[in-house]
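What follows is a set of notes on a single structure, which appears directly below.
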(Lines give C-alpha, C1' and ligand atoms only; values in the text may rest on other atoms or scores of the structure.)
Protein backbone atom coordinates (compact mmCIF):
# COMPACT_ATOMS: atom_id res chain seq x y z
CA UNK A 1 0.00 0.00 0.00
CA UNK A 2 1.21 3.50 -0.75
CA UNK A 3 1.80 6.09 1.99
CA UNK A 4 -1.37 7.83 0.75
CA UNK A 5 -3.44 4.65 1.09
CA UNK A 6 -2.15 3.98 4.61
CA UNK A 7 -2.77 7.62 5.54
CA UNK A 8 -6.34 7.36 4.26
CA UNK A 9 -6.90 4.18 6.27
CA UNK A 10 -5.92 5.73 9.59
CA UNK A 11 -9.26 7.31 10.61
CA UNK A 12 -11.06 4.00 10.16
CA UNK A 13 -8.51 1.99 12.20
CA UNK A 14 -7.24 4.23 14.98
CA UNK A 15 -8.98 6.16 17.74
CA UNK A 16 -9.74 9.86 17.04
CA UNK A 17 -7.23 10.69 19.79
CA UNK A 18 -4.49 9.04 17.69
CA UNK A 19 -5.68 10.47 14.38
CA UNK A 20 -5.49 13.94 15.97
CA UNK A 21 -1.76 13.45 16.51
CA UNK A 22 -1.38 14.20 12.78
CA UNK A 23 1.21 11.58 12.01
CA UNK A 24 2.22 11.87 8.38
CA UNK A 25 3.13 8.80 6.32
CA UNK A 26 6.34 9.52 4.42
CA UNK A 27 7.28 6.11 3.04
CA UNK A 28 5.97 2.57 3.02
CA UNK A 29 7.46 -0.76 2.08
CA UNK A 30 5.95 -4.19 2.75
CA UNK A 31 6.44 -4.60 6.47
CA UNK A 32 7.77 -1.13 7.15
CA UNK A 33 6.71 2.50 7.30
CA UNK A 34 8.39 5.85 7.89
CA UNK A 35 6.31 8.52 9.57
CA UNK A 36 6.72 12.17 10.56
CA UNK A 37 5.32 13.00 13.99
CA UNK A 38 4.96 16.74 14.66
CA UNK A 39 5.98 17.93 18.12
CA UNK A 40 2.74 19.76 18.82
CA UNK A 41 2.50 22.24 21.68
CA UNK A 42 0.09 19.92 23.48
CA UNK A 43 2.76 17.18 23.62
CA UNK A 44 5.23 19.37 25.57
CA UNK A 45 5.61 18.73 29.31
CA UNK A 46 7.21 20.53 32.22
CA UNK A 47 10.76 19.78 31.04
CA UNK A 48 10.01 21.77 27.84
CA UNK A 49 10.27 18.51 25.94
CA UNK A 50 8.13 16.11 23.96
CA UNK A 51 6.34 13.80 26.39
CA UNK A 52 7.12 10.10 26.38
CA UNK A 53 3.45 9.15 26.21
CA UNK A 54 3.17 10.62 22.71
CA UNK A 55 6.33 8.78 21.69
CA UNK A 56 4.89 5.44 22.86
CA UNK A 57 1.58 6.12 21.13
CA UNK A 58 3.38 6.88 17.86
CA UNK A 59 5.65 3.84 18.19
CA UNK A 60 2.66 1.54 18.61
CA UNK A 61 0.65 3.16 15.82
CA UNK A 62 3.57 2.95 13.39
CA UNK A 63 4.13 -0.72 14.21
CA UNK A 64 0.46 -1.49 13.51
CA UNK A 65 0.70 0.37 10.18
CA UNK A 66 3.84 -1.61 9.30
CA UNK A 67 1.96 -4.84 9.99
CA UNK A 68 -1.05 -3.72 7.94
CA UNK A 69 1.37 -3.02 5.11
CA UNK A 70 3.00 -6.41 5.57
CA UNK A 71 -0.44 -8.02 5.31
CA UNK A 72 -1.34 -5.84 2.32
CA UNK A 73 -4.71 -4.93 3.82
CA UNK A 74 -6.31 -4.17 7.16
CA UNK A 75 -7.11 -7.22 9.20
CA UNK A 76 -8.15 -7.36 12.85
CA UNK A 77 -5.04 -7.29 15.01
CA UNK A 78 -4.05 -6.07 18.42
CA UNK A 79 -0.93 -5.18 20.33
CA UNK A 80 -0.18 -7.82 22.96
CA UNK A 81 2.86 -6.09 24.41
CA UNK A 82 4.97 -3.00 23.80
CA UNK A 83 8.29 -2.09 25.39
CA UNK A 84 9.77 1.38 24.87
CA UNK A 85 13.16 2.72 25.92
CA UNK A 86 13.70 6.47 26.10
CA UNK A 87 17.27 7.25 25.11
CA UNK A 88 17.41 10.98 24.45
CA UNK A 89 15.13 14.01 24.42
CA UNK A 90 13.35 14.89 21.23
CA UNK A 91 14.36 18.37 20.17
CA UNK A 92 13.10 20.38 17.24
CA UNK A 93 9.61 20.50 15.81
CA UNK A 94 9.15 16.90 14.72
CA UNK A 95 10.56 13.40 14.94
CA UNK A 96 10.76 10.49 12.51
CA UNK A 97 9.23 7.13 13.41
CA UNK A 98 10.51 4.13 11.47
CA UNK A 99 8.63 0.90 12.16
CA UNK A 100 9.27 -2.52 10.74
CA UNK A 101 7.96 -6.04 11.17
CA UNK A 102 10.80 -8.33 12.23
CA UNK A 103 8.84 -11.55 11.98
CA UNK A 104 5.31 -12.46 10.99
CA UNK A 105 3.88 -15.81 11.98
CA UNK A 106 0.32 -17.03 11.54
CA UNK A 107 -0.87 -15.75 14.90
CA UNK A 108 1.87 -13.45 16.14
CA UNK A 109 4.04 -10.74 14.67
CA UNK A 110 7.05 -8.98 16.16
CA UNK A 111 7.98 -5.44 15.29
CA UNK A 112 10.21 -2.54 16.23
CA UNK A 113 9.91 1.23 16.05
CA UNK A 114 12.81 3.65 16.11
CA UNK A 115 12.02 7.26 16.97
CA UNK A 116 14.73 9.63 15.80
CA UNK A 117 15.40 13.33 15.94
CA UNK A 118 15.48 15.20 12.62
CA UNK A 119 19.30 14.97 12.74
CA UNK A 120 19.00 11.17 12.83
CA UNK A 121 19.97 10.69 16.48
CA UNK A 122 17.90 7.95 18.07
CA UNK A 123 15.52 9.29 20.75
CA UNK A 124 13.55 6.16 21.60
CA UNK A 125 13.30 2.53 20.60
CA UNK A 126 10.32 0.24 20.94
CA UNK A 127 9.73 -3.45 20.38
CA UNK A 128 6.34 -5.09 20.34
CA UNK A 129 4.35 -8.26 19.92
CA UNK A 130 1.17 -8.09 17.84
CA UNK A 131 -1.60 -10.67 17.64
CA UNK A 132 -3.51 -11.45 14.46
CA UNK A 133 -7.09 -12.11 15.51
CA UNK B 1 0.34 14.36 49.22
CA UNK B 2 -3.43 14.09 49.04
CA UNK B 3 -5.27 13.07 45.87
CA UNK B 4 -6.36 16.71 45.56
CA UNK B 5 -2.78 17.98 45.78
CA UNK B 6 -1.57 15.50 43.17
CA UNK B 7 -4.51 16.38 40.93
CA UNK B 8 -3.67 20.07 41.24
CA UNK B 9 -0.05 19.36 40.33
CA UNK B 10 -0.88 17.62 37.07
CA UNK B 11 -1.17 20.63 34.72
CA UNK B 12 2.26 21.88 35.77
CA UNK B 13 3.97 18.51 35.29
CA UNK B 14 2.30 16.77 32.35
CA UNK B 15 1.71 17.79 28.74
CA UNK B 16 -1.68 19.34 27.93
CA UNK B 17 -2.40 16.24 25.83
CA UNK B 18 -2.16 14.14 29.00
CA UNK B 19 -4.05 16.59 31.20
CA UNK B 20 -6.89 16.47 28.65
CA UNK B 21 -7.29 12.73 29.33
CA UNK B 22 -9.07 13.78 32.55
CA UNK B 23 -7.52 11.18 34.80
CA UNK B 24 -9.05 11.52 38.26
CA UNK B 25 -6.97 10.86 41.39
CA UNK B 26 -9.01 8.64 43.72
CA UNK B 27 -6.47 7.65 46.36
CA UNK B 28 -2.86 8.27 47.22
CA UNK B 29 -0.39 6.65 49.58
CA UNK B 30 3.35 7.24 49.73
CA UNK B 31 4.59 5.44 46.64
CA UNK B 32 1.19 4.59 45.22
CA UNK B 33 -1.85 6.14 43.57
CA UNK B 34 -5.23 4.94 42.37
CA UNK B 35 -6.71 6.77 39.39
CA UNK B 36 -9.93 6.67 37.39
CA UNK B 37 -9.41 6.97 33.63
CA UNK B 38 -12.60 7.71 31.69
CA UNK B 39 -13.07 5.81 28.41
CA UNK B 40 -13.71 8.89 26.31
CA UNK B 41 -15.19 8.56 22.85
CA UNK B 42 -11.92 9.80 21.34
CA UNK B 43 -10.06 6.81 22.86
CA UNK B 44 -12.22 4.24 21.01
CA UNK B 45 -10.75 2.52 17.93
CA UNK B 46 -12.08 0.36 15.12
CA UNK B 47 -12.62 -2.64 17.39
CA UNK B 48 -15.11 -0.55 19.41
CA UNK B 49 -12.67 -0.69 22.30
CA UNK B 50 -10.39 1.55 24.32
CA UNK B 51 -7.14 2.00 22.43
CA UNK B 52 -3.93 0.64 23.87
CA UNK B 53 -2.10 3.93 23.38
CA UNK B 54 -4.32 5.62 25.97
CA UNK B 55 -3.73 2.73 28.36
CA UNK B 56 0.06 3.10 28.04
CA UNK B 57 -0.15 6.86 28.50
CA UNK B 58 -2.19 6.43 31.67
CA UNK B 59 0.09 3.68 33.00
CA UNK B 60 3.14 5.92 32.59
CA UNK B 61 1.43 8.99 34.03
CA UNK B 62 0.20 7.08 37.08
CA UNK B 63 3.68 5.66 37.72
CA UNK B 64 5.17 9.16 37.63
CA UNK B 65 2.50 10.37 40.08
CA UNK B 66 3.26 7.43 42.38
CA UNK B 67 6.93 8.38 42.35
CA UNK B 68 6.16 12.06 43.02
CA UNK B 69 4.10 10.88 45.96
CA UNK B 70 6.93 8.64 47.12
CA UNK B 71 9.28 11.64 47.01
CA UNK B 72 6.70 13.85 48.73
CA UNK B 73 7.14 16.62 46.17
CA UNK B 74 7.75 17.12 42.49
CA UNK B 75 11.36 16.67 41.44
CA UNK B 76 12.73 16.37 37.92
CA UNK B 77 12.41 12.78 36.77
CA UNK B 78 11.92 10.93 33.55
CA UNK B 79 10.77 7.54 32.34
CA UNK B 80 13.72 5.50 31.08
CA UNK B 81 11.70 2.50 29.98
CA UNK B 82 8.12 1.28 30.04
CA UNK B 83 6.79 -2.17 29.17
CA UNK B 84 3.06 -2.79 28.88
CA UNK B 85 1.19 -6.07 28.39
CA UNK B 86 -2.39 -5.98 27.12
CA UNK B 87 -4.34 -8.83 28.68
CA UNK B 88 -7.99 -8.09 28.08
CA UNK B 89 -10.20 -5.44 26.46
CA UNK B 90 -11.39 -2.59 28.61
CA UNK B 91 -15.15 -2.57 28.66
CA UNK B 92 -17.48 -0.08 30.30
CA UNK B 93 -17.02 3.67 30.62
CA UNK B 94 -13.86 3.83 32.68
CA UNK B 95 -10.92 1.86 34.03
CA UNK B 96 -8.93 1.99 37.25
CA UNK B 97 -5.17 2.52 37.15
CA UNK B 98 -3.24 1.50 40.26
CA UNK B 99 0.42 2.45 40.24
CA UNK B 100 3.05 1.76 42.83
CA UNK B 101 6.77 2.22 43.28
CA UNK B 102 8.41 -1.15 43.85
CA UNK B 103 11.84 0.19 44.62
CA UNK B 104 13.37 3.65 44.90
CA UNK B 105 17.12 4.09 44.76
CA UNK B 106 19.06 7.32 44.58
CA UNK B 107 19.09 7.50 40.81
CA UNK B 108 16.58 4.93 39.66
CA UNK B 109 13.09 3.88 40.66
CA UNK B 110 11.06 0.89 39.52
CA UNK B 111 7.29 0.93 39.34
CA UNK B 112 4.28 -0.98 38.13
CA UNK B 113 0.81 0.01 36.94
CA UNK B 114 -2.19 -2.28 36.84
CA UNK B 115 -5.10 -1.21 34.64
CA UNK B 116 -8.33 -2.94 35.63
CA UNK B 117 -11.90 -2.98 34.44
CA UNK B 118 -14.52 -1.63 36.83
CA UNK B 119 -15.31 -5.26 37.81
CA UNK B 120 -11.68 -5.65 38.91
CA UNK B 121 -10.53 -7.85 36.04
CA UNK B 122 -7.02 -6.91 34.97
CA UNK B 123 -6.90 -5.37 31.48
CA UNK B 124 -3.25 -4.38 31.24
CA UNK B 125 -0.09 -4.43 33.30
CA UNK B 126 2.91 -2.18 32.96
CA UNK B 127 6.35 -2.07 34.55
CA UNK B 128 8.76 0.81 34.24
CA UNK B 129 12.11 2.26 35.16
CA UNK B 130 12.24 5.92 36.14
CA UNK B 131 15.32 8.13 36.44
CA UNK B 132 15.70 10.82 39.08
CA UNK B 133 17.52 13.68 37.39
CA UNK C 1 -0.64 -30.91 39.63
CA UNK C 2 1.24 -31.27 42.88
CA UNK C 3 4.67 -29.73 43.46
CA UNK C 4 6.06 -33.27 43.25
CA UNK C 5 4.42 -33.92 39.88
CA UNK C 6 5.69 -30.63 38.45
CA UNK C 7 9.16 -31.34 39.84
CA UNK C 8 9.13 -34.77 38.21
CA UNK C 9 8.11 -33.22 34.89
CA UNK C 10 11.01 -30.79 34.75
CA UNK C 11 13.70 -33.03 33.18
CA UNK C 12 11.40 -33.92 30.29
CA UNK C 13 10.44 -30.30 29.55
CA UNK C 14 13.47 -28.13 30.27
CA UNK C 15 17.04 -28.17 29.02
CA UNK C 16 19.61 -30.00 31.18
CA UNK C 17 21.23 -26.59 31.82
CA UNK C 18 18.00 -25.47 33.51
CA UNK C 19 17.41 -28.73 35.36
CA UNK C 20 20.92 -28.40 36.81
CA UNK C 21 19.88 -25.12 38.49
CA UNK C 22 18.11 -27.32 41.07
CA UNK C 23 14.98 -25.24 41.38
CA UNK C 24 12.74 -26.79 44.04
CA UNK C 25 8.96 -26.68 43.73
CA UNK C 26 7.49 -25.60 47.07
CA UNK C 27 3.86 -24.97 46.24
CA UNK C 28 1.52 -25.18 43.28
CA UNK C 29 -1.96 -23.88 42.57
CA UNK C 30 -3.73 -23.84 39.22
CA UNK C 31 -1.93 -21.05 37.37
CA UNK C 32 0.74 -20.43 39.97
CA UNK C 33 3.85 -21.96 41.49
CA UNK C 34 6.27 -21.07 44.26
CA UNK C 35 9.85 -22.21 43.81
CA UNK C 36 13.08 -22.12 45.79
CA UNK C 37 16.15 -21.24 43.73
CA UNK C 38 19.46 -21.95 45.48
CA UNK C 39 22.18 -19.31 45.06
CA UNK C 40 24.84 -21.74 43.90
CA UNK C 41 28.48 -20.71 43.82
CA UNK C 42 28.47 -20.90 40.03
CA UNK C 43 25.77 -18.18 39.88
CA UNK C 44 27.94 -15.61 41.71
CA UNK C 45 29.60 -12.86 39.64
CA UNK C 46 32.29 -10.26 40.25
CA UNK C 47 30.07 -8.15 42.50
CA UNK C 48 29.85 -11.12 44.91
CA UNK C 49 26.17 -11.39 44.03
CA UNK C 50 23.75 -13.69 42.25
CA UNK C 51 23.94 -13.01 38.51
CA UNK C 52 20.94 -11.59 36.70
CA UNK C 53 21.09 -14.24 34.00
CA UNK C 54 20.17 -16.95 36.53
CA UNK C 55 17.32 -14.78 37.81
CA UNK C 56 15.89 -14.39 34.29
CA UNK C 57 16.24 -18.11 33.61
CA UNK C 58 14.37 -18.94 36.82
CA UNK C 59 11.67 -16.34 36.15
CA UNK C 60 10.99 -17.81 32.71
CA UNK C 61 11.08 -21.42 33.93
CA UNK C 62 8.67 -20.67 36.79
CA UNK C 63 6.25 -18.90 34.44
CA UNK C 64 6.23 -21.93 32.13
CA UNK C 65 5.56 -24.22 35.11
CA UNK C 66 2.70 -21.96 36.22
CA UNK C 67 1.19 -22.22 32.75
CA UNK C 68 1.59 -26.00 32.66
CA UNK C 69 -0.20 -26.09 36.00
CA UNK C 70 -2.92 -23.79 34.65
CA UNK C 71 -3.39 -26.19 31.73
CA UNK C 72 -3.30 -29.21 34.06
CA UNK C 73 -0.81 -31.03 31.83
CA UNK C 74 2.20 -30.34 29.65
CA UNK C 75 1.32 -29.03 26.22
CA UNK C 76 3.68 -27.52 23.65
CA UNK C 77 4.21 -23.86 24.47
CA UNK C 78 6.91 -21.30 24.08
CA UNK C 79 7.92 -17.95 25.54
CA UNK C 80 7.29 -15.17 23.02
CA UNK C 81 8.67 -12.37 25.17
CA UNK C 82 10.08 -11.85 28.65
CA UNK C 83 10.85 -8.56 30.39
CA UNK C 84 12.75 -8.55 33.68
CA UNK C 85 13.49 -5.65 36.02
CA UNK C 86 16.28 -5.98 38.57
CA UNK C 87 15.34 -4.07 41.69
CA UNK C 88 17.70 -5.22 44.41
CA UNK C 89 20.60 -7.64 44.92
CA UNK C 90 19.79 -11.15 46.03
CA UNK C 91 21.49 -11.82 49.33
CA UNK C 92 21.61 -15.02 51.32
CA UNK C 93 21.77 -18.57 50.02
CA UNK C 94 18.51 -18.77 48.06
CA UNK C 95 15.62 -16.78 46.63
CA UNK C 96 11.94 -17.48 46.20
CA UNK C 97 10.34 -17.32 42.74
CA UNK C 98 6.57 -16.89 42.65
CA UNK C 99 5.04 -17.15 39.19
CA UNK C 100 1.44 -16.76 38.18
CA UNK C 101 -0.61 -16.68 35.01
CA UNK C 102 -2.45 -13.38 34.77
CA UNK C 103 -4.50 -14.28 31.72
CA UNK C 104 -4.86 -17.35 29.55
CA UNK C 105 -6.42 -17.08 26.13
CA UNK C 106 -6.64 -19.74 23.46
CA UNK C 107 -3.35 -18.86 21.81
CA UNK C 108 -1.60 -16.55 24.25
CA UNK C 109 -1.01 -16.43 27.98
CA UNK C 110 0.41 -13.64 30.11
CA UNK C 111 2.32 -14.28 33.29
CA UNK C 112 4.47 -12.67 35.94
CA UNK C 113 7.29 -13.85 38.18
CA UNK C 114 8.39 -12.18 41.38
CA UNK C 115 11.85 -13.07 42.69
CA UNK C 116 12.19 -12.27 46.37
CA UNK C 117 14.89 -12.49 48.98
CA UNK C 118 14.29 -14.91 51.89
CA UNK C 119 13.17 -11.88 53.98
CA UNK C 120 10.45 -11.20 51.41
CA UNK C 121 12.03 -8.12 49.83
CA UNK C 122 11.47 -8.10 46.09
CA UNK C 123 14.72 -8.53 44.13
CA UNK C 124 13.38 -8.79 40.58
CA UNK C 125 10.11 -8.78 38.70
CA UNK C 126 9.38 -10.30 35.32
CA UNK C 127 6.41 -10.26 32.98
CA UNK C 128 6.06 -12.48 29.95
CA UNK C 129 3.93 -13.53 27.01
CA UNK C 130 3.66 -17.25 26.27
CA UNK C 131 2.33 -18.87 23.11
CA UNK C 132 0.34 -22.09 23.11
CA UNK C 133 1.43 -23.99 20.00
CA UNK D 1 39.67 -3.59 23.63
CA UNK D 2 40.37 -6.49 21.30
CA UNK D 3 38.17 -9.59 21.18
CA UNK D 4 41.02 -11.43 22.92
CA UNK D 5 41.16 -8.88 25.75
CA UNK D 6 37.39 -9.03 26.27
CA UNK D 7 37.51 -12.83 26.19
CA UNK D 8 40.25 -12.83 28.81
CA UNK D 9 38.22 -10.50 31.01
CA UNK D 10 35.15 -12.74 31.10
CA UNK D 11 36.11 -15.08 33.99
CA UNK D 12 36.76 -12.12 36.29
CA UNK D 13 33.46 -10.37 35.48
CA UNK D 14 30.83 -13.05 34.90
CA UNK D 15 29.59 -15.95 37.01
CA UNK D 16 31.17 -19.35 36.34
CA UNK D 17 27.76 -20.50 35.06
CA UNK D 18 28.02 -17.89 32.29
CA UNK D 19 31.69 -18.51 31.56
CA UNK D 20 30.83 -22.20 31.08
CA UNK D 21 28.51 -21.25 28.19
CA UNK D 22 31.72 -20.85 26.12
CA UNK D 23 30.70 -17.71 24.30
CA UNK D 24 33.45 -16.79 21.83
CA UNK D 25 34.27 -13.15 21.05
CA UNK D 26 34.54 -12.75 17.28
CA UNK D 27 34.70 -8.98 16.86
CA UNK D 28 34.72 -5.84 18.97
CA UNK D 29 34.26 -2.17 18.24
CA UNK D 30 33.81 0.61 20.78
CA UNK D 31 30.26 0.03 21.99
CA UNK D 32 29.66 -3.21 20.15
CA UNK D 33 30.65 -6.87 20.13
CA UNK D 34 29.93 -9.89 17.97
CA UNK D 35 29.91 -13.25 19.72
CA UNK D 36 29.49 -16.91 18.74
CA UNK D 37 27.31 -18.89 21.14
CA UNK D 38 27.56 -22.66 20.68
CA UNK D 39 24.27 -24.60 20.91
CA UNK D 40 25.51 -27.06 23.48
CA UNK D 41 23.58 -30.26 24.18
CA UNK D 42 22.73 -29.01 27.66
CA UNK D 43 20.88 -26.00 26.16
CA UNK D 44 18.43 -28.18 24.21
CA UNK D 45 14.89 -28.55 25.61
CA UNK D 46 11.92 -30.81 24.91
CA UNK D 47 11.16 -29.16 21.57
CA UNK D 48 14.61 -30.27 20.34
CA UNK D 49 15.59 -26.60 20.26
CA UNK D 50 17.91 -24.15 21.97
CA UNK D 51 16.23 -22.97 25.17
CA UNK D 52 15.23 -19.33 25.51
CA UNK D 53 16.92 -19.01 28.89
CA UNK D 54 20.35 -19.47 27.29
CA UNK D 55 19.45 -16.89 24.64
CA UNK D 56 18.53 -14.32 27.31
CA UNK D 57 21.69 -15.04 29.27
CA UNK D 58 23.83 -14.54 26.16
CA UNK D 59 21.95 -11.36 25.17
CA UNK D 60 22.58 -9.83 28.58
CA UNK D 61 26.22 -10.93 28.72
CA UNK D 62 26.93 -9.54 25.25
CA UNK D 63 25.32 -6.20 26.13
CA UNK D 64 27.51 -5.92 29.23
CA UNK D 65 30.60 -6.69 27.13
CA UNK D 66 29.57 -4.03 24.59
CA UNK D 67 29.29 -1.51 27.41
CA UNK D 68 32.67 -2.49 28.87
CA UNK D 69 34.11 -1.97 25.41
CA UNK D 70 32.35 1.40 25.13
CA UNK D 71 33.93 2.41 28.45
CA UNK D 72 37.31 1.03 27.38
CA UNK D 73 37.74 -0.84 30.67
CA UNK D 74 35.73 -2.75 33.23
CA UNK D 75 33.81 -0.58 35.65
CA UNK D 76 31.10 -1.66 38.07
CA UNK D 77 27.79 -1.79 36.24
CA UNK D 78 24.60 -3.73 36.46
CA UNK D 79 21.61 -4.59 34.29
CA UNK D 80 18.53 -2.69 35.45
CA UNK D 81 16.15 -4.21 32.95
CA UNK D 82 16.21 -6.59 30.00
CA UNK D 83 13.44 -7.35 27.52
CA UNK D 84 13.80 -10.21 25.05
CA UNK D 85 11.53 -11.19 22.16
CA UNK D 86 11.77 -14.68 20.71
CA UNK D 87 11.07 -14.53 16.99
CA UNK D 88 12.23 -17.83 15.54
CA UNK D 89 13.84 -21.09 16.67
CA UNK D 90 17.60 -21.32 16.63
CA UNK D 91 18.66 -24.13 14.34
CA UNK D 92 22.14 -25.43 13.66
CA UNK D 93 25.02 -25.76 16.07
CA UNK D 94 25.56 -22.11 17.04
CA UNK D 95 24.10 -18.63 16.89
CA UNK D 96 25.61 -15.18 16.52
CA UNK D 97 24.95 -12.52 19.17
CA UNK D 98 25.54 -8.92 18.11
CA UNK D 99 25.26 -6.38 20.92
CA UNK D 100 25.60 -2.64 20.75
CA UNK D 101 25.23 0.33 23.03
CA UNK D 102 22.60 2.68 21.65
CA UNK D 103 23.16 5.45 24.16
CA UNK D 104 25.52 6.00 27.06
CA UNK D 105 24.77 8.64 29.65
CA UNK D 106 26.58 9.29 32.90
CA UNK D 107 24.46 6.93 34.97
CA UNK D 108 22.50 4.90 32.45
CA UNK D 109 23.24 3.12 29.20
CA UNK D 110 20.84 1.56 26.72
CA UNK D 111 21.76 -1.39 24.56
CA UNK D 112 20.40 -4.00 22.20
CA UNK D 113 21.34 -7.57 21.32
CA UNK D 114 20.35 -9.38 18.15
CA UNK D 115 20.61 -13.17 18.19
CA UNK D 116 20.76 -14.59 14.68
CA UNK D 117 20.96 -18.01 13.11
CA UNK D 118 24.12 -18.84 11.14
CA UNK D 119 22.19 -17.99 7.94
CA UNK D 120 21.58 -14.48 9.33
CA UNK D 121 17.88 -14.90 10.12
CA UNK D 122 17.02 -13.12 13.35
CA UNK D 123 16.03 -15.54 16.15
CA UNK D 124 15.68 -13.15 19.08
CA UNK D 125 16.04 -9.50 19.89
CA UNK D 126 16.74 -7.94 23.26
CA UNK D 127 16.87 -4.39 24.59
CA UNK D 128 18.22 -3.42 27.97
CA UNK D 129 18.97 -0.66 30.40
CA UNK D 130 22.29 -0.78 32.25
CA UNK D 131 23.31 1.24 35.30
CA UNK D 132 26.83 2.55 35.85
CA UNK D 133 27.48 2.23 39.56
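Letters A, B, C and D mark the chains as written, and numbering starts fresh at 1 in each.
FYI, contacts are C-beta pairs under 8 Å (C-beta built on N, C-alpha and C of every residue); 3 or more make two chains touch, one makes a residue touch a chain.
What you are looking at is a predicted structure, and each value in this text was computed from that prediction instead of being measured.
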item	value
Neighbouring chains shared between chain A and chain B, ordered by label	C, D
Euclidean distance of C-alpha centroids - chain A vs chain D, Å	28
Chain centre separation (chain A, chain C; CA means) in Å	33
Two or more partner chains touched - positions in chain A	80-81, 83, 85, 110, 129
Contact graph of the chains (line, ring, star, complete, other)	complete
Complex contacts: residues of chain D adjacent to chain C	12-18, 20, 40-47, 51-54, 56-57, 60-61, 76, 78-86
Parts of chain A lying in touch with chain C, wherever the complex brings them together	80-81, 83, 107-108, 110, 129, 131
Chain B to chain C touching residues, read off their complex	83, 85, 87-88, 102-103, 110, 112, 122, 125, 127, 129
